[in-house]
Every structure is written in structure tokens, then in C-alpha cells.
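Letters A, B, C, D and E mark the chains in the order given here, with residues in each chain numbered from 1 onward.
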Amino acid sequence: MLDFRTKEKIIAYLFILPSFTVFSLFMFWPLLRTIYLSFFSWNMIKPTKTFVGFDNYAALFKDPLTYKVMGNTLAYILILLIVNCVAPYILSFILSAVIKRGKEFYKSVIFLPSVISLVVGSILYLWILNPISGPLAIIAKMLGITLPIWSKTEGLVIVVLSIITSWKIFGYNFIVILAGVSGVSSEVIEAAKLDHVPLHRIFLDIVLPMSSATGIYVFVMTIVQGLQYVFTPIKVITQGGPDNGSSNAIYNAYQEAFVLYRTGTASAFAIVTMGLFVLLLILEFKFVERGVYYEN
Amino acid sequence: VPGSQADGGQSAAKTEKIRIEYWHPNAETQGGQTVEKLVNDFNAQSETVEVVARFNPDMYKGLLQNLQAEVATGKSPAVVQVGWAFLDYFSNNFDYTPPQEIIDTYFPEDKNFIKDNFLPNILDLAKNKENIQVGIPYSLSTPVLYINRDILREAGLDENGPKTWEELVAFANTIKEKTGKYGFYMQEPADNWATQALLESNGARMMTDGKASFASEEGIQAYEAYADMVVKTKSALHISWGEGVQSFIDGNVGMLFTTIAQRANVQKGAAFDVAAINAPSWQGKPKRLPAGGCFLAITAQTEEEKKAAWEFERYLYSIESIAEWTKGTGYVPPRKDVATAENGLKQFLEENKMMAAATTQMDGVVSWTSFPGDAGLQAEQVLLDTRDQILGGKVSARDGLVAAQEKINQLLSQ
Amino acid sequence: MKEIVFENVCKHYGKNLVVNHLNLTIRAGERLILLGPSGCGKSTTLRIISGLENISSGKLYMGGKCVNDVPSGDRNIAMVFQNYALFPHMTVEENITYGLKVHKVPKGDIEERLKSALQMLRLEGLEKRKPKELSGGQRQRVALARAVVKRSDFFLLDEPLSNLDAQLRGHARKELVKIHEMYRQTFVYVTHDQVEAMTIGDRVALMNKGVLQMVDTPDNVYNRPANVFTAKFIGAPAANVLDADYWENGLIVGKQKLLLPEMWIEQVKKSRSNEFAFGIRPEHIQLSKAPIANAFKGRVKYIENYGNRFGIYFEIEGNEIIAMADENDLSANDTVYFQPDFAKIHLFDRSTTNSIGYPKELIG
Amino acid sequence: MKEIVFENVCKHYGKNLVVNHLNLTIRAGERLILLGPSGCGKSTTLRIISGLENISSGKLYMGGKCVNDVPSGDRNIAMVFQNYALFPHMTVEENITYGLKVHKVPKGDIEERLKSALQMLRLEGLEKRKPKELSGGQRQRVALARAVVKRSDFFLLDEPLSNLDAQLRGHARKELVKIHEMYRQTFVYVTHDQVEAMTIGDRVALMNKGVLQMVDTPDNVYNRPANVFTAKFIGAPAANVLDADYWENGLIVGKQKLLLPEMWIEQVKKSRSNEFAFGIRPEHIQLSKAPIANAFKGRVKYIENYGNRFGIYFEIEGNEIIAMADENDLSANDTVYFQPDFAKIHLFDRSTTNSIGYPKELIG
Amino acid sequence: MKIRCTAELKWHVMLGLFVALSLFPIVFAISSSFKDLNEAYQHAFGLIPRNPTLGNYMQVFTRLPFLQITGNTFFIAASVTLFKTITAIFAAYAFVYFDFKYKNILYFVLISTIFIPFTVTMIPNYLTISKLGFSDKLLGVILPQLSDATGIFLIRQAMRTIPPSLIEVAKLEKTGHFKTLKDIVVPLVKPAVISSAILFFINAWNEYVWPVLILKSKEKFTLPLALQLFISAEGGTDFTIAMAVSVMTMIIPLTLYIIFQKYIINTFASSGIKG
């Protein structure tokens, strides 16, 4: 007879096992391979791989492109965070605490774009936002405004691609956050309302911290998934251009690997990217988690 | 005619046909249906071979990407459609069999098929640096100039369009002044195909003796003329390919310089008086137009498959098939006789005047330069980035090209 | 100024009528105790005052103006929630001072109020704890402290001491009264504790199933209950109420008869009814082992020891009756005689259950 | 069989020692009341028994075997949580029957237990409601019902009636005792209500700051408190305890002296101390307006009316003392004389605060 | 009441504008799918087609085994969703309610995989899938998508907000882990479970890069792949047909969402555990 604590442990491992199995096969193993490849110069098919040690990494850190791409990545992250984390948070608060009528309508409608693929979204927006002849341009023309050619304007291109991506992410993040926000006990909000606490303070001091478990999820996912999502419009619309002005870490790794066929460099880049992200996660665990409120 | 080997092949086929894969990037809008038809017809008439066609999205790059992955697993399709730009990379990295080798081994009756049916300059397009015939040209495209005659007329210009780049610049500027619309758009995909046409027609060369040489005075001058339209007079558009074509089709741009492969798309969508004319030349200089399109390469691994691959190719290169193919895609046929044959394209070409723009400039066709070696693709990317820099007004054409050339040569020498 | 007036207020939850045509004036600065059985609508009434619950119909006035449409934050209310509603992510200290900080009360002032509230509720040393690290009673005290530091016009307390021990409860009760005496807020206090009701309340409002039963001073509610419900609800153990018919100057219970004194006979006659409910509180019953005249005779069923007193349960004509006594020499199955103190009995009309009133001699 | 034994049990939260070397035997089938000030460790003790809290050190035996390593589910416990812990997504009915369904109790049986629990706790009609549609008291009753339907060996109740009105509380209390009498579970009951403690408990265990103070019958805890804390904690209002020095057969309080009867003198001498704390309960004080011999003299400060009784606060030599009376003819500033009933006084050693014991004449 | 109304009106105007903007592309897509190419180019802005045509849809249906493709996509999306949701629930439960060695490290490692760009895993996974013999098989599309920690992450976060006393009640009842999960934990974290499932479904439904690599024959295609058939850089995109395919790509997730919308939104609204 096993004592019950051991039994519990076995059950725990069994519960994790299915996930762990697929992860080992399709995540950890490829990851190890990629790490291995990052030390070679190779194009994926040549019979010989040349071992180059840390050259790929060294080259990366020397290449100004790396910094440009990382800078872009940061810009994407910032915009995505504002549009897809902060904004839906505020919106869910407004819907759950401020507005009385029409909630249901907004809740269901705002989610709709989320179901659409970004390939579709990209094609659509390429048309709609065509600065010469798209619907938006037509309206602008009527108002006497000439739209900038965003797909070729550095900086602006990042903003527009982020908006296209946000169009898809926003609704989903919104309902997830809404779930978190509605999980905040109404009595607690009432207690604050009684104190005549202004809405924005209720939001910042009570709703935000109390729903922060969800908030953290959305925060992390906005960064991670946001960047992966942005990949599609980049690929469909700009291919990283103009002059790498819209490339981000994910797209750049893709470009290195599948456009330029530099497997080693691509691997090294992907590993560095991941390293940065994991660092972010560690920081998140170290600092942000402290402020997160959990019941257990 | 059949030798003992062919016998063996046939008896084997009685029991089961040999299956081979044919990889292509032809979307439904670009010959996908024709591929399907040709493959079905072939399968119906062949007793030995069963071809399975696989569509690869994202054009030749996408195809190569998938091929890369497939080869990594140790497998390979039998016939692949390779874009000209990847000729060098393909021949350097993939295991292929020159078709003549297969013919010589198994199909003595086809011994002269290639020589007889293809012009030498066309065949040369599919030769690599080592002069090996990597595959056989399958489709050819050249850049042509699409014009919106309504706009030209509105601007008081010759509705037959410009003949030279010098005229084109003047046209574009006039259109801008007179109509407020953009005069000109030159395609901006992820390659330098059209740029090559622009520069080389002015006497520059993308490469000389294995080194980049586009930043010659001629090259710079040509590029400057183009860049000035975009940056200075703002009469030309600097925008992504899709948006640019869209803008031409919905009547916001006077002239569009892009591949003949867009013909069907332009023709279907445009609601104005649209025409396609020969690519402009530079005053007094010969045109040099890079060949677009693709060749078919045989990547079959087993002898059986190689044989089957050729059987299939032979079918695809028949006059009827090539005619079918051209109709479905808008490419220029690579094979002799097709244009004039009754069972070929005679009638089709008469009805589709826009095709003439391409078929009548085949004498100017040169191979599409791809930078050699492992760093070739990277070099290509450098030139693309330079394009954005110049057209974005960040650097002058001169500085941009010179810097790019230097950088590319450095890459190539590694 | 700080008066609260309910005018025909109703509150439905779906089909459930939870507050039923409530008409009640809570005077400015008074301490009103809200009493009633569990689920009768007390918390709902408080929540209506605080504006956290909308009124289904009727009007609510506070400080003279109709506040039906005034949001809760503008009503200047401090409230202790029955389930505390502490901010789980804030420490005790933060919970208590949060409202003050939002309103930019000067730092020193906050410090001081915090300190006195912590002291008053014996929460010193727990300042840095989160609610989940507190015991039930400690949480309740934090909730109370949070309301106490706020100096508002209206003070609503929903069973604020239910999880405290008797000593602490007594102490807190006194402190609350002190605070009230100082600031004279309008106090509405829900409690189940009779002692609390009697000691804190200027007046007591008693509800049942959403209907207001009686509003009066603790003394009157106790001694002059307006109806059977009030009589039975106030006082622990509950008042005994037995069916009794009036017949020839006396009350008939089962087969026994008790002659009424003159003053009651008059009162009974005024009521024009013969069917009554006869009420008497356990502490107003004197039992005797020896037979006495004009008394009911019963049999002891069992006895409960309350530490300082005894509850004696006995039976008369099928009715179980309880009497309280400081001393006890009875045991089960003893025969007892019981003569009520006629100055302390209550008579209710059996059909309306309303009191028939008291002889003027008693009211004096 | 169903005995619970604590052997030197300690429980820390971080540095906080919440249960301090607890040694306690809860007899099989008895009803033990756990009393103590808010935050003293009562809930923690219950949670230790239930196995929801790990013991930091010491051993816990249930039914004769050490259960330190037995998971909660195997301890056969029914428990009412202080904060109810109702499943918010289940209806009242589902909440109550969930455990039974898990254990595949036959359908009919479940029905029946549900019905009787609903009836006992007056929850009929609320079966289909979700917890958030219930009043505070109703939620508490559901929590109680959920534990009641479970027929387990151990029954732990953490202030199960704190949010109920007196009538309902009295009723529920009786029903609980009935159930216990039927099934004889080992009952551990946390309450703040003295009446509850006295009526329900076979024995009372009193804790303070994690330390067990006294375990004995309600009667002894009330009448023979083991220490000052017990004396002061039990009884409401609290027992009066004043510093008193023994000197020449009497107790000196301030400048006044009270002669002790012989039996107490003997007891005092046995204790070998001269410095005492002198305890007397409010209800054991008889006040007289007229001077009497061998009495303390004091001054009335104020009077509280508890409905059925009066609390009279007066002062003797700087000590505030409260006396309970059924009737009252005193008013503030009156001079009163107070002679304790010597059979009801308590003497504690002032340094240890422990009782010096009682004269054998009183123990009888 | 009036004051509140106007204050609210302001919000409604803003929200209305926002909703209109975010819905415009969808309406635009639907409208374009009923236009002919010419009209799409010349009157892009006209939301109501002048000459509505079903031509685009007919083309799609004649050119592709569309039902089959839709079926494939659904099968893949449903399998991925089911597997991921269920395993995530179990894993999250283990991480919240059990104590075991290396728990935090294990969790951290699993969660870190969220940060692995798909480009890293693409080729090695392709090799694995080929070795397993799953290329050009739906299973080959499904398998690698199963390794996704986002569900574990979200559901674990949600589980951590359940008041511990509820689980304690179950513990006392000796409810057993499966039952506790099913009866108590899952109902209480339903919003998180549903959000993960929605996310999984939508992502698997729209997944494009991976199926492109795995699927070769048209009968095995998924909808996003079918869409690619009408998009070509060189031949130009057949915009109206692409829009018809797009609309058909959206249709199932949209319908599913509209059918379950009430349920989903209600779940979210009523999630107040402590409410």
C-alpha cells in the first residue's frame, strides 16, 4: 500500500502526462534540435553541416538588422499591449460596471472578428486600406486628405499591421478579460462605490488587481501570440518591408530560414528571441506575479 | 520501338501504375485548373504512370520551402516546377537529373526532342553556371507595360503609350499634372526581376564575371530616372505589388509595368480601355528583358520514377498541352511552333491581343540573374532593401546602388 | 437633514416580493435597529438605502430629497456588509483606509482614524495581513473598521458583530454608540442579537417576510408588542402564546379557566372579540409547586440550564410553555401551578393577530 | 471509537503560533463546545481535525489511530465552514445532496434526508435557488443542512448559527441536539453564543491565543472557572474581577475591606498567597440602597436596559463593576452597598491568574 | 435618470462607432463575395452589390470538393480543441491542487514553450510527422498543434481564483479528483475553459502554415489552404472568389459562435464565483 501522499503525487504526474508527452515530442525535441542547429552553418538540405560554434550568434549581435528587428518587435509589443490588453480591459470594465443597456449586444458583436483568419483579414485590409483606391482612401479623398502610403512608410507600417492584427485579437482578449472582470465580486465593487470612489479608481485599485490572474494571461498572450499573429499580415502584405521596417522577431526568423535558407542563423535568431521572451517570463514571475491576486 | 526496358515497365504497369508527384505553385487564378486538366488527361491516356499534382501556395518560394522540408525527410517528388530566380539555388542544393540523361538512357526515340523543339536561347535560360541543362523551360514571361488608354487620352497623351523609358517618364509626369492620378507603377514583389529589365536595358549588367555590377553609370542613371518619378515628381507609386495592381485596375494609375502573367487579372478587372504594350526600351539601346516563369526539373529518385517523370514531361511539352497551358496562364510558350500551329495558339493569340505584347518581344529575353552561391538569396534581399531605401527617399539611387553592390560583392566573396 | 423616508417601497427579485410596501421614517441621527427573521428583507432594505439595489416601486427620501436616482456614491453612506466584502488583495490597513485615501483625507487624519479604529476593534498587530490570513471574527472587525473610519451621514450596519465573542461584542457595541453620540449619523443596524437591539436602539423596526410589523422603542416593542409575531419574535426564549377564548370574565385554555382582572375585562370587551391569543413571556411566569388560586396547572417536561438561569418547559392543555427562573427546584414530571403577572400579559385578536391594546391602568 | 485526541499539537502560520501545544481529548460521542475570543484558533483547531490543515508538530488521534497522514476524505467528517463555502454554481438542493450523491447514497434516502434537513432549517421553497440569491442567514442554513445530511462519525460546526435570529437559532439548536442524540457523532462546535455553549455542550473547551484554558462541563466552566480568563470570558456581561489583597481575614479593595467567611479563609491560607483577584458575576451581586454590614460601598454610574433585565454599572474604589437585576429602582450617582454571595465568589492567584480552588463546603 | 442617460449615450455613441468599424471588414467581405470582379474593383465601397451574383460561390464549389474540405477543417479543429482542452484541464488541475517535486520548474518549462516561435519547431516536427507516416494525413496536421501551453496557463490562472474552501468541502467528502474536477472545478472555471476552447478552435480552424507543409492532395485540404488557391502573387488574386472562400471559411465559426453566443456570454457574465 502506498501512502496517500505518494498516491497523490502519482495522480498528479498522470494528470500532466498527456500534455507532457505531446510537448516532449513536438516542442522540446524540436527545440533541442534547433539549439543544435544554431551552431552550424547549413541550409537544411546540403549533406554537410559546417560546425561554426557561436559564430551565428556573434554575427547576429553584430548585425544592425538584429537590432532593427528587435526594435520593431518592441514597437509591436507596445502597440499590441495598448490596443489588446489595456483597451479591452477598460472596455470590459465599462461594460460590466458603467453601462446598463445594450451590454449583451456589444459583448457578442465585439467578439465577431476574432473568428476570422488573419490571412483573410490581411487580404481584406490590403483592399480596404489601399491608400490609393481603397474605401478608406475614397472617404479621405472626399475630405481632401491624401493617405500616406503606409505599407512603405517606416513606423506607420508597424502601426497599421498592429491594427490589422488587433482587429482579430481584440474581441477574444475582450471576452477573456470580461470573464475575469465579472469574476470580481460585485459586493466588493459596491463597497467601493459606496465610498464614492471614482470609476477609474475602482478600476485601477479594485477590478484590476482582483482580476489580475486573467490580466496576466492576457498580458503574456498579447505579447507572445500577438507577435505570432502579426506574422501573417507581415508575410501577406509587406514581407517585412520597407527595408525590414515591418519585420519582427518571428518574421525575421522565418525569413532567414525559409526565404534566405540560412538555417543556422535562423535557429540562432529564434533561440535568442526565445531567450529574451523567457527572460521576460522570468521577470513576470518575479515581479508582476507578486502583485497578482490569487485565492490559492 | 519499345526496348526491353519499356517492356518491363509496361508489364509492371499492368498490375499497378507507378505513382509520381508533380509539384507546382499554380493557384486557381494562375493556371491551377489547367494543371489539373493536363494531369487528368495524362493519367487517362497513360497506362504506366499516375501523376499526382500537389499545389504549393506562396509561389516558387513556397514550393521550394516545401521541397526543402520534403527532401529533409529523404523523400522527393518526381517533377517540380522551379522559378527562374531559384535556378542557381536549386541546382546547387537539390538532387536532380538533367532530362537528356533520362532520355538517353531510356527513351532513345526522344533523343532530339529537346533540341528540336526549343530555341537555344530559351534552353540556355535553364542552364546553370556549370552549363548543365538543369531542366526544360516550361513557361516564360516578360515584363510588359499595361496602359490605361482613358487616362492617357485624358492627359492628352498618345493612347498607344510610351515606347521608351524617357517617354514613359514624360508620360507619367504629364498624367500626374493633368489628371492628378499616378502616372506609373512598377511591380515591387520580393524579387528584382523588373529592376533588372530597367537597368540592363540601359546597358547596365546585374552581374559581370560573378560579381554584382549594377551600380554602373548606366544602372544608376536608369534607377535615378525611376526613383525621381517616385520621390521627386511623385508621378510614380511606391507601394506593394498587390496594392499597385489593384490601383491600376480600378483606374487610379496610368501605366503598370509588370509581368504578362497578370494579364488575365488585369483584363478581368479593368473597366476601362486597357492595353498591354511592349516593355519600353531606353532611347537607342536594345531591350534586355529577364525571363520569368519556370522550368520543369526532374527530382525523381528511382529509375522507375525518372522514367515516369519524363513520360509526363513529354506529354506536358506537346503542342496541345503547351497551348492549353498558355491559355490557362498567360505565359509565353517556351516551345517552338506552338504560337503558329492550328492545334496550338494561333486562334487564341489572335483573340487575345494583349498577349502580343509579350510574344513580340521574345528576342530581347535574357536570363534572370540570380546571385550565385549560398549567399545569393541574401544578396537578392540586400537589393530589395535598397529598393525601399531609394524609393522611400532615404538615400539617393546612386548611393543606394553603390552601397548595395559593395555589400553584395562582399557577401558573394565569403 | 439626515432623515430617511421610505414611501411605499417595494422590491422584487423576479416574482419574489422581498420588500413589501414599506413605509418607514428613520429619524435624523437616531439609532434604528432592524430586526426580523432570516430572509425577511433586512439586508435588502439596507441595500436599498445605500442605493446598491434599485427600488421596484415607491420612493426613497434621504435628507429630504428623493434619492431614487442618486447613485450610491453620492449618498454619503458608510456600510458594513453582512459578508464583509473586504478587498481581498489589500491588507487590513489598506482596506480600512482605502476610501479615505481616495478622498484625499489628510495623511495625519487617516493615520489617526486608522489607529483609533484598530484600537476600538482590537485589530492591532494585524495591519499588514490580507483578509485570507484572518479569522472570521477578525475579518468582520475589519469590515466594521472600514465603515467606522468614514465619517458619513448615514451608517448602515448589517449584523456587524455576529462573529464576535460576547466580550468583544459588548465592547464594540459600546464603542459604536460612543461614535454615534459623537457624530450623530443616522444609524441603521441589523442584528439578531436581542441585547444589541435593546441596548443600541433608539427604536426597533421589526420586519417579517418583507412586511414591516412594528416600529417603536425597544421598551414598547418588548412590553407592548403590536402583534403576535412581534411578541413571539422579541425575547429569547420566545414569548409563550396560547389560544384562549374569553368566557365569563375569564380565559379558557383547553379545560382550564383563568379569571381576568377588571382592567383586562374592560379591554377585552372593547375589542369585541372572544377568540384571543394569550401571550406571556417566560420571564414573567412564576411557577409554584404548591397549588395556588386562579392559576393554570401544568406538568414539567424538561429543564434547560443556561448557566446563569434555567428554562423550564412545561405543558398546559397540550401547549408547551417555557418559563425562566434564576433558581430551580423542579424536575421533569412535577406538577406546577402558573399564575401570570396580569400586568405583563398580552392579548391578541386571534383572527388579525393584532394586539387588542393594553388597559389604560398599565400604560399610565 | 470516535474519540479525538490532540497530543501536543502545534500549528504555525509562518512565525505565528496559532495553536500552541494543544493537549485535549474529545470523548467519543460527546458534544464539545469550542469557545474563545475571536482569532484564538478555534477554526484552525477544527480544520486540523478535519485534516484540511497540516499539523506543524504533535500528533492527532481519531478513533484510536494517528491520523496525521490520513487525508481528510478518509476521516469521515461533516463540517460547517464559518464562511459557508457553498458551491456557487449549484442550487440549494444540489449543494445539500452533492456529498451524498458522490457516495452513491440511494436516491430515496437522499430525498428523505434532504427533506428533513430543509424542514429542520426552514429552507423549504428555496431548493432551486443559487447561493447568491439567498440572504445571509439562508446561506448559513444551507451550509448547515449540507453537513447535517451527512451521517458521519465526526461533526464539526464553526459558528453555524451566528447569522440566525434568536427563534430560529433556538429551534436549530434543539434539532441539532436531537440529531446528535440519534447518531451520537462526536460533536465539536464553535460558537460565540453563551446560551448555545451552555445548552448544547456536554463539555466546554476554552481557548485563548492558541492555548487551551479550561475544559470542563458548562456548569463548572461557569461556576468554577479555572482562571481569570475563563471567569471573565464566560458569562455576559462578564464577571467582575478586581484586585484584592488578603489581610486579616478579609479582602482589601482600595480602602474598603470585606471579611471572608471561614471556609474561604481556609482556602486562602492553603494557597500561600496574599495577592488575589477577586471575581464575582453580575448576576450574583445583590445591590442595596440601604447600608448593610460587611459590604462594599459604591456609586452608580449608569444603567442599561436589556429589555427583560437591567445592567447596573457602579464604581468601587476605581473599579467599574456591573450587576444584573430583574428590577431596578436605582439611578445614576446613587450610593449602593454590595455584599457578594460568598458561595458564588471566585479567588484567583494574582500572579498566575489561576483559581485558588473552592472550599470543600461549596463543592459538595 | 436623465443625467445617467446622457452619460451613457456618450458611451453608446463611442461603442457604436467602434463596433461599426470592426464589423466593416466582415460586411465588406460578404458584400464583395457577391460582386463580380469588375464591380469589386470599380465600386469597392458599395456595400450592397449592384448585380449580386452567386458566381463566385459556384466557382468555388465546382472547382473544389468543398464539403470535404470543410469537413476536414472541422475534424481537425474539433479534435485539436477537444484534446487540448481536456489535457489542459488535467494539467492545470495538477499544477494547482497537487504538491509534487519540481512542480514549479515543470510548470515553468511547460509555460516557456509558449514563447517558442513556430519557426523553431516547424522543420523538426515535419521530420517527425513524416517518420511517423502522417504526412498528407489529417492526423499529421493535428498532432503538433496539440503541444500548446496556453490552455494550461489560462485554466490554471482561473483555478487559482477558486476559493480554497470549496475544494476543501470536496476533500472532506472524499469526492475523488475526477469528480471534483467534473463537478466543482470545471463548472467554476467554465469561462476559462470556454475561452481556451474557443481560442483552440479558431486557431486550429485558421491554421495555415502547418497544413501547407503537411497536406498535399486537395481532398485533404483545409479551408485556409483552399483560400490560398485563389491568392497568387504573380497571377493576381481573384479577389471576389477569395472573398467567397473567406466567407465560407468564416461561416462555421461564426455560426457556432452565434449559436453558442448566449451560452458563452452567460457563462462569462455569471462566472462571479464570489458574487
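The rule is short, and it goes like this: a residue touches a chain if its C-beta (ideal position, glycine included) is under 8 Å from a C-beta of that chain, and two chains touch if they have at least 3 such contacts.
Since this is a predicted model, take the numbers as computed values, not measurements.
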{"item": "Chains contacting each of chain B and chain D, listed by label", "value": "A, E"}
{"item": "Chains most often in contact, by C-beta pairs", "value": "A-E"}
{"item": "Centroid comparison with chain C (C-alpha atoms), farthest chain", "value": "B"}
{"item": "Turn needed to bring chain C onto chain D - CA fit, degrees, nearest 5", "value": "180"}
{"item": "Approximate Å spacing (C-alpha centroids) for the pair chain D, chain E", "value": "58"}
{"item": "Where chain A and chain B are represented by their mean Cα positions, the distance between them in whole Å", "value": "37"}
{"item": "CA centroid of chain A to CA centroid of chain E, Å", "value": "15"}
{"item": "Rounded Å distance, chain C centre to chain D centre (Cα mean)", "value": "23"}
{"item": "Residue numbers of chain C (touch at least two other chains)", "value": "71, 83"}
{"item": "Where chain E touches two or more other chains at once, by residue number", "value": "4, 44, 122-123, 163, 228, 231, 237, 239, 272-275"}
{"item": "Shared interface positions of chain A, touching two or more other chains", "value": "8, 44, 127, 133, 185, 187-188, 258, 295"}
{"item": "Chain E-touching residues of chain A, taken from the complex the two chains share", "value": "8-9, 11-13, 15-16, 18-20, 22-23, 25-31, 33-34, 44, 94, 98-102, 104, 106-121, 123-125, 127-128, 133-135, 138-139, 167, 170-172, 175-176, 178-179, 182-188, 213-214, 216-217, 220-221, 224-225, 228, 232, 249-250, 253-254, 257-258, 263, 266-267, 270-271, 273-274, 277-278, 280-281, 285, 294-296"}
{"item": "Parts of chain B lying in touch with chain E, wherever the complex brings them together", "value": "21, 25-33, 52, 54-59, 62, 66, 69, 72-73, 75, 189, 241-242, 245-246, 249-251, 259, 261-262, 264-266, 268-271, 292, 329-330"}
{"item": "Footprint of chain B on chain E - complex, ascending", "value": "37-38, 40-42, 44, 63, 122-123, 126-127, 130-131, 135, 212-213, 216-218, 225, 228-239, 241"}
{"item": "Sites on chain E touched by chain A in the complex", "value": "4, 8, 11-12, 15, 18-19, 22-26, 28-29, 32, 44-45, 87-88, 90-91, 93-96, 98-101, 103, 106, 108, 110-125, 128, 143-144, 146-147, 149-150, 152-154, 157-158, 160-164, 167, 177, 191-192, 195, 198-199, 202, 205-206, 208, 224, 227-228, 231, 237, 239, 242-243, 246, 249-250, 253-254, 257-258, 261, 264-265, 267-275"}
{"item": "Interfacial residue positions of chain A with respect to chain C in the complex", "value": "185, 187-188, 190-198, 201, 205-206, 209-210, 212, 293, 295"}
